[in-house]
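Shared between the two complexes below is chain A, which has chain B as its partner in the first and chain C in the second.
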Partner chain A sequence: MIWEVFRQEAAGDYHTHCGNVHAPDREMAKQFAVIQHGRRKPAHSLWVVPQDEVAEVDEDEADFGGSTDKSYRWAMTYNDVEPAAREVADSEAEQAEAGADRGDS
Partner chain B sequence: MDIAEVRDRAGPREFNAGDDMPEEYREAATRMIQFHANSEIMGAYLERPFVRQAPSLDRKLAFSAKVQDEIGHGQLLYRAAESLGVKTRDEMLDELANGEGKFLNCFHYPMDSWAETPMIAFFVDGAAMRRQATLKSSSWEPYAHAMDKVCFEEGFHVKHGEDILRELMNGSRKEQRMVQDAFDEWWPRIVQFFGPTDDDSTHHGFAEEVGLKQMTNDQLRSAFLNAYVPKAEQYGLEIPEYPRIEERDDGTYEVRESDLDWDEFFAIAKNDYEPGVGQIDGRARTQEAVEWVRGVLDEREQAAGTTAAAAD
Partner chain C sequence: MAATADLAFEDLDDDEREAVRTLLFRLADDEYVTAERYTEWQVRAPTLESDLALANIAQDELGHARLWYDLLEDFGSEERELVWERPPEAWHHATLAELPYEEGGWADAVLRSYLYDVAEDLRLAAVEGSTYTRLRDRVETVENEEDYHLEHAQNWLERLVDADAGHDRVQAALDRLFPYALTLFAPADPEVEARIDELGLRDRTLSELRRDWLDRVVPYLESLGLDVPDPGDTDLPSAVGRDGEHTDHWNDLHEEFTRTYRDLDRQGTVRIMPDPDDT
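Here is the complex of A and B:
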């Protein structure tokens, strides 16, 4: 049985997928995950999930965000105003970064 | 874990569902996050009519995206609250429908004209964002994680809200006057957004000691006034004379509390204020109307549960 492994580097971080292990049951999966994924890189906590329980939907099936112009829902669109506060500017920067990652023009 | 240990360890994102938290912490966190979740939902209902009433297609699209975001924030936050193990999401939604669930003062007032929309979309979202940015460091990790996504999205809300304000204040004299009237009416409520001064706030001490929140009402109100008073002035809004607000030498602000209507505020806090009651009931009816959707989902879940159990 294959178990997908998610590692959290430090307390408060997100658990992110880092690989998988072969194991007969949950307890063994946890042990193997510790050995294979919890030793070389910083780890504060690991999750193991049976691979069968992971459902996937990919970009062939779903329009993530679609191809329609949705510029109206991004802070960068409203250029006639300056961010009112630091956290507004931070949010805009995160949105711009996500836009670049998505490959928006 | 006992309270002493919680106080000791109470750093940002320190605790999660894997920790054995004392009842007092779990209840305080539930109260705070449920209030926040309810506020997202009630705010969305207040703004929803403006999807229809928006003056242009761009505004309509932006408003519908924003309202959708707010409902999403409510969902994220009910999950974060649920993870404390005190109440289920269904219980919290029922409490909101039957008038037990508490939410932000500003969302108890009716909003009728387009000229009022910047009051929520710019000033209230802006005030909320001041607070939410600090809650990314809450000690309840699921709450802090919800704030990551909420703050990611909110920059659009606040800038869009400001853009409406900018447009109206550069519009006709009539538009400018309508916005000023709305501002006169909403300003004291917005100043009350952060609640009474710290000395009178009942729940503050504990929530701060255990790291659930990071800044006091007064600090947040000051931070808000610092950023948003200049914005209001920039667009030509006149700050109402009351409540009197004085800037201290260190750049923080002091609001004359006695200039504000606290009877109204506390009636609202008990869900006893009339327009708010109507808004709660209005949402309850909408919830009722889509009961059949939840029924279908529950049936599917049960059916899936039996097949999964049979397969084991």
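Here is the complex of A and C:
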């Protein structure tokens, strides 16, 4: 049986998926998770979840983000305002990066 | 002598130094050789998870051995003399640690780890208040890493005995290992052991530790449906290890782990970790 493991580095952080372990039951899954995922990297807490219990929606099923152009939602729309507020500048950089990752020119 | 005394190397006469050295060799060699055997499971354990778990435990035990060997360096030996250049007959681990596993003997590995880790737990508790300060100061660090070793072994044992085939394998391992496990409590030299107790280096004698160990191990194993050999009827194996007398398996293992050192014609060791005293 496969258990997915999520590690939280510090209190308040999100638990981030970090891998999985094979184990016959919850107790051993927790122990293996500690050994494999809690020893070398900073860990404050681990979640161990049976893989079957993770519900998944993928892009074949869902139209993530909708099908119409949503670019008006991006902070880039406010490019003309000078100087931009710090939050706007940060968000713009983030969006530009996301755009680059998608292959937008 | 009060358990709160603070003994340092400089305070001790030759006989007392021998007592401290004997105690440290017992701790260090058991950890080192146990770990050496555990590493044989790397890439061979039943699952990736069990492989990594045992490798991690081996790594812990090697780290603990290092802490104890480091204290032995205070007596004038270097690491190379303590490990790589020490002849096999000068090692004092219990023979339980050196026995090879039977092929595919995962039950053996798990049971051996359990038998050893209970003994380890008890003897560390017995040196928590040691009069030898340098030893006492390191006990807690080691203890903190030992808990999950025992938990790991027990988790496996409880699951192995669940099925008939697993139960039989654990039983066979128990019949084979039990006499060797008793060597953990064999004296190196009764006179020196008495000196260890008199100096307050540990607060339980070997025979008390043996009794404590039996009080824990026997009921637990019986609760798993295993037949534990009667300790009163069990003879120690001819080689107990503590006195330098070992099985032939030890020579092979010693030959193997010192081979690279000899092949490369090494004259010393390379340190990649800071001295425990500097961390």
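Please note the rule applied: the second predicted complex is superposed on the first by the 94 of 105 C-alpha atoms of A that agree within 3 Å, B and C clash if a C-alpha of one lies under 4 Å from a C-alpha of the other, contacts with A are read in each partner's own complex, and residues count from 1 in each chain.
Everything below uses one rule, namely that a contact is a pair of C-beta atoms (placed from the backbone, for glycine too) under 8 Å apart; a residue touches a chain by one contact, two chains touch by 3 or more.
Remember, predicted model here, so these are calculated numbers, not experimental data.
J.: What does the overlay on chain A give for chain B and chain C, a clash or a fit?
T.: fit
J.: Examine A:35 and indicate which partner it touches, taking first as chain B and second as chain C; both and neither are also allowed.
T.: second
J.: Looking at A:94 after the superposition, I want to know if it touches chain B, chain C, both of them or none. Which is it: first, second, both, neither?
T.: Only chain B is touched by A:94; chain C is not.
J.: Report for A:55: first if it touches chain B alone, second if chain C alone, otherwise both or neither.
T.: Neither partner.
J.: Of the partners chain B and chain C, which touch A:24 in the superposed model: first, second, both, neither?
T.: Only chain C; A:24 stays clear of chain B.
J.: Applying the document's definition of touch, where does A:11 land relative to chain B and chain C: first, second, both, or neither?
T.: first
J.: Check the contacts made with chain A and report whether chain B or chain C touches more of its residues.
T.: B
J.: Chain B to chain C: minimum CA distance in the overlay, Å?
T.: Superposed on chain A, the two chains' closest C-alpha atoms are separated by 22 Å.
J.: Sort out for me which residues of chain A touch chain B in the complex.
T.: Residue list for chain A touching chain B: 11-14, 45, 70, 72-75, 77-78, 80-81, 83-92, 94-95, 98.
J.: In their shared complex, at which residues does chain C touch chain A?
T.: Against chain A, chain C makes touches at 47-49, 52-53, 56, 148, 151-152, 155, 159.
J.: Where on chain A is chain C touching in the complex?
T.: Where chain A meets chain C, its residues are 21-24, 27-28, 31-32, 34-36, 39.
J.: In the complex formed with chain A, which residues of chain B make contact?
T.: These residues of chain B touch chain A: 12-14, 18, 58, 61-62, 65-66, 122, 126, 129-130, 132-133, 141, 144-145, 151-156, 158-160, 162-163, 166, 223, 227-228, 231.
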